[in-house]
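A short write-up of the structure that comes next.
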Amino acid sequence: RADLAAYALMLGDDALILSQRTAEWCSNGPELEEDVALANIALDLLGQARLLLTRAGEVEGAGRDEDRLAYFRDEIDFRNVRLVEQDNGDFAQTIARLLLFSSARLALFVRLSASADPVLAAVAAKGVKELAYHRDHAAQWTVRLGDGTEESHRRMQAGLDRVWPYLEELFTAHPVEQRLAAAGVAVDPGELRAEVDAVLDQVLTAATLTRPDVAPMATVSGRAGRDGVHSRPMGYLLAELQHIARSQPDAVW
Amino acid sequence: RADLAAYALMLGDDALILSQRTAEWCSNGPELEEDVALANIALDLLGQARLLLTRAGEVEGAGRDEDRLAYFRDEIDFRNVRLVEQDNGDFAQTIARLLLFSSARLALFVRLSASADPVLAAVAAKGVKELAYHRDHAAQWTVRLGDGTEESHRRMQAGLDRVWPYLEELFTAHPVEQRLAAAGVAVDPGELRAEVDAVLDQVLTAATLTRPDVAPMATVSGRAGRDGVHSRPMGYLLAELQHIARSQPDAVW
Amino acid sequence: MLETESPELEAEFTATVTADGRIEPRDWMPDAYRATLIRQIAQHAHSEIIGMQPEGNWISRAPSLRRKAILLAKVQDEAGHGLYLYAAAATLGADRTDLTEKLISGRQKYSSIFNYPTLTFADVGVIGWLVDGAAICNQVPLCRTSYGPYARAMIRVCKEESFHQRQGYELLMTMMRGSDNQRRMVQESVDRWWWPSLMMFGPPDDSSPNTERSMAWRIKRHTNDELRQKFVDMSVPQAEALGVTFPDPELRWNEERGQHDFGTPDFAELMRVVKGNGPCNAERIEHRRRAHEDGDWVREAAAAYAAKRAARAKGVA
Amino acid sequence: MLETESPELEAEFTATVTADGRIEPRDWMPDAYRATLIRQIAQHAHSEIIGMQPEGNWISRAPSLRRKAILLAKVQDEAGHGLYLYAAAATLGADRTDLTEKLISGRQKYSSIFNYPTLTFADVGVIGWLVDGAAICNQVPLCRTSYGPYARAMIRVCKEESFHQRQGYELLMTMMRGSDNQRRMVQESVDRWWWPSLMMFGPPDDSSPNTERSMAWRIKRHTNDELRQKFVDMSVPQAEALGVTFPDPELRWNEERGQHDFGTPDFAELMRVVKGNGPCNAERIEHRRRAHEDGDWVREAAAAYAAKRAARAKGVA
């Protein structure tokens, strides 16, 4: 049960933090249609986060609801991968991150729809359609920017180069994932690599872009996002996310 | 007494928030010497803030110390002028703001050294030396940048233009200030205008810069920083300033 | 589209409008009608787009996930409203790029209400209740406005805005049932937004020169003061239910008139804000301009890619 | 400065160094001595400058005003140390602009410890205690190093670092007396920093090829392993007093040796971090490069203004 709560938290935190970052684009997009599209994606992810955090809290059984988990945990207790917490950078970098995340998460959710945990299975099944849209949106922009102007090609390649070191973490199985995967509850993310790689290669080829040849982002003595070891942007993101809620712990919203 | 506490809070919040902004330059300055100088200024202001907030808490008599006041007040309870909370902008804009603030605050502290309140008088007397240094530092850079290269001239003028609308607030007497000034405890900031204007004109002339011809920043139906009505950057500044303290309300640091 | 000066066409136009009929894009219309509509629709679209900022300011800090989702969806709806309205303006021959240019250069206006800052999360609720409420009072009559595409856009906009208004009011209700500090926040926010909301109906009728013509054209259906009165009468009981007061000592029920008496907003302040000197005018335009300019390379890339694809398709065909 | 190959000069140099005398800037010295010193002093200066970042990360969020002041003053001291050390390097003919260029292009290194992230405010205390503690172990002997300006800079640096170390330890003491969560933070931070701190003494002696020559030149006075042992022996009782443990199951007192036994740090990790693939290498260099480049126009302006003034002074003279 502790494992299941931890796993729901990992997936929920990924969605929550990426939603927070994506929502930063609202009123800042390159065109109105993109403000709408990115807000949609942020809303989908927020919806996934709420279901997963709620599930984590229920399984934990300590009375923590989605808000308690989102607003009243310290940085070292967040379980998201470091990819999602990075600053947005320019539009190309945001698209690059979305392409990586949604490709991996879609592959995961397709498998997770068959989870032995009915709640995870339902969340995943619902998320599949959303993530397919996110991936298509990211892929279309990757191609458009990669095969657009000289500047957009350069920026799209730079965006990919910047986020690619964080890809490995999406395929690295945490002991919790390994145990739950053995029990048919979770998916071993290592299994997703080949499928995701193929998708990414296809998109990059269509976009006339090069697969970045970069080392995976180092861990801190083997610990990374899933162990609560985050990167510099995370603390500032949480300060903004949590400040008002923490300021009024006795309030009702 | 409520007036005295409110007044100490106004001056203390000015110093605290400008210190916070100035410290953001630490490790980001254009040269190491400037990292040191700006850290010094931030430290001086932080020192002033601590004395003033402590005084405000004592006079208020509700058991709030400097940390309670700095970390556990909401945005609408902060009493600083809006000038100090603005984003740093580039180095020129930071210098422009420092020039305006330190010129006005120096003129104020010179007079406040004779306050009927012995604590305010002592804080002001100590601050005079510090602020004289801050003003000199800002004035020297204003001249250097104004009379440096074409780019630095343009940036310095733009920096002045950007912060100048907030100057008026430094000369606008709040009812609290008016009452305390009548009692010989505070200084009516309106009295400082001529002196500060003369200083600024002198610096701008030496720097080959033009005094900005801009309207004062509008209030919200007459309310501004001294009434807790702040501008967009303030909430984000407080989120960062307060997040860790608010996250661990039972902690001892 | 060639403008033909023709008494018959003009008579037909007037007849349609007077009979509360609809003018459609292909119909003849007077130049001044077209110009007035373009200006009004564009300003309305700009207001939706600029209106994303004051509330968007709170998305990242919304204090519960449910409120974050509601707020994000609302701001997204505003972008959507902007899109419908730019599309309606396009049916009159106005180009979106050109309208955007006019917005960020300050040549076209947007609703002055968005030049006030959002200082607490209560502002999100109060904007929903009072600002959207006032907007709805202004806009509901426009669902029957004489220009078809505008009227249809307004029907959709009004429906969503009513939804937003209820959400705003519900947030305030929840906050008023919460902590003392929350109640204080709500009252403080109401104090700040009440007068600016009243000013959303524009200057008093006796200094609103274009009202008469706009009413004849059925672009406008009630005078500013009529709508303002309606809004006050609607809001007072809502404030009572909520447990807040409006900062107007002259506000009281007038039994004789069957309406509320209320004080006069500071229209000099309104004029200052309209002229560009509100607390946030510079910030709002600057934000929009930056977003637009930061997106230049993206829009160029999309256009370049579309052109390449078209060329390739042609090559294949 | 002309380098003269002269057996007499070399003999004099060796005699001075062997007698624990000081070499001063105007004295003759071997090219390799000069080059080694420049590299070592520059790396040390770079470490101070890069070292501002991990702690600087917490200035804006320090949870009490007193801790904020202490931290800001400490980071400021690090900038000051950088300045003394660049000045010492300058006495050997090294140009600061050139050294900065080497830093931001990655051609010169800095202490690998600063490529680890600071995740909680406890890290501020642990860096003071362990990282500054290890630095002091490394640096105290350098106060007697053979090159005069370097030795004098180190005296000042060491004095300030001891002060920082005490402040760090005092913060941890305070936190350990605080809430459960604070104690958890301190232990978690110690767990992360212990091994990287041990690696600050460099690779084991048997794979540290330059140690012997540096010791002969009195640039180095103890081997890496000697210093590492000393640091462990010093830290264990401090950890006990604090109430934290080190994450090393092999750590125990060896009665026979009169020293602690301890496990072997993961030197493969050290090599990866040195080679550029630590968790923060890219971020640290990028930060420094950005600060430097953002300041280009300021430094240019200062130079242009100084030139103008000089020209005017000349014109007047």
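Labels A, B, C and D are assigned to the chains in the order they are written; within every chain, residues are numbered from 1.
Note that in this section a residue touches a chain if its C-beta (ideal position, glycine included) is under 8 Å from a C-beta of that chain, and two chains touch if they have at least 3 such contacts.
The model shown is predicted, which means the values in this text are computed figures rather than measured ones.
Asks: Along the graph of touching chains, what's the shortest path length in steps from subunit C to subunit D?
Replies: Minimal hop count between subunit C and subunit D: 2.
Asks: With one step meaning two chains touch, work out the least steps from subunit B to subunit D.
Replies: Graph distance in the chain contact network comes out at 1.
Asks: Any idea whether A-D or A-C has more C-beta pairs in contact?
Replies: Between A-D and A-C, the larger count of C-beta pairs in contact belongs to A-C.
Asks: Which chain has its C-alpha centre farthest away from the C-alpha centre of subunit C?
Replies: So the farthest one, by centre of C-alpha atoms, is D.
Asks: Compute the distance, rounded to whole Å, between the mean C-alpha positions of subunit B and subunit C.
Replies: Centre-to-centre distance between subunit B and subunit C: 37 Å.
Asks: Can you check how far apart subunit A and subunit B are, centre to centre, with Cα atoms defining each centre and the answer in Å?
Replies: One centre to the other, that is 41 Å.
Asks: Among the residues of subunit B, pick out those that touch two or more other chains and give their numbers.
Replies: In subunit B, residues 74, 235, 239-240, 243 touch at least two other chains, as defined above.
Asks: What positions in subunit D touch 2 or more of the other chains?
Replies: Residues 61, 181 of subunit D touch two or more partner chains.
Asks: Touch graph of the chains shown: is it line, ring, star, complete or other?
Replies: Drawn as a graph, the chains match no named shape, so other.
Asks: For this structure, enumerate the chain pairs that meet the touch criterion.
Replies: Contact pairs between chains: A-B, A-C, A-D, B-C, B-D.
Asks: Okay, in this complex, where on subunit A does subunit B touch?
Replies: Spelled out, the residues of subunit A in touch with subunit B are 74, 235-236, 238-240, 242-243, 246-247, 249.
Asks: Per the contact definition, I'd like the list of subunit D residues that touch subunit B in the complex.
Replies: 49, 52-53, 56, 59-69, 72-73, 75-76, 79-80, 82-83, 86, 121, 171, 174-175, 177-179, 181-182, 287, 291, 294-302, 304-305, 308
Asks: How about subunit B: which of its residues touch subunit C in the complex?
Replies: The contact residues of subunit B facing subunit C are 74-76, 215, 217-221, 223, 228-232, 235, 239.
Asks: Under the touch definition given earlier, write down the residues of subunit D that touch subunit A in their complex.
Replies: Per the stated touch rule, the residues are 57, 61, 116-117, 119-120, 181, 185, 188, 192, 195-196, 266, 269, 272-273, 277-280, 283.
Asks: In their complex, what parts of subunit A are in touch with subunit C?
Replies: Checking each residue of subunit A against subunit C gives 16, 20, 23-24, 26-36, 39-40, 42-43, 46-47, 49-50, 53, 66-67, 70-71, 90-91, 143-145, 147-149, 151-152, 155, 240-241, 243-245, 248, 250-253.
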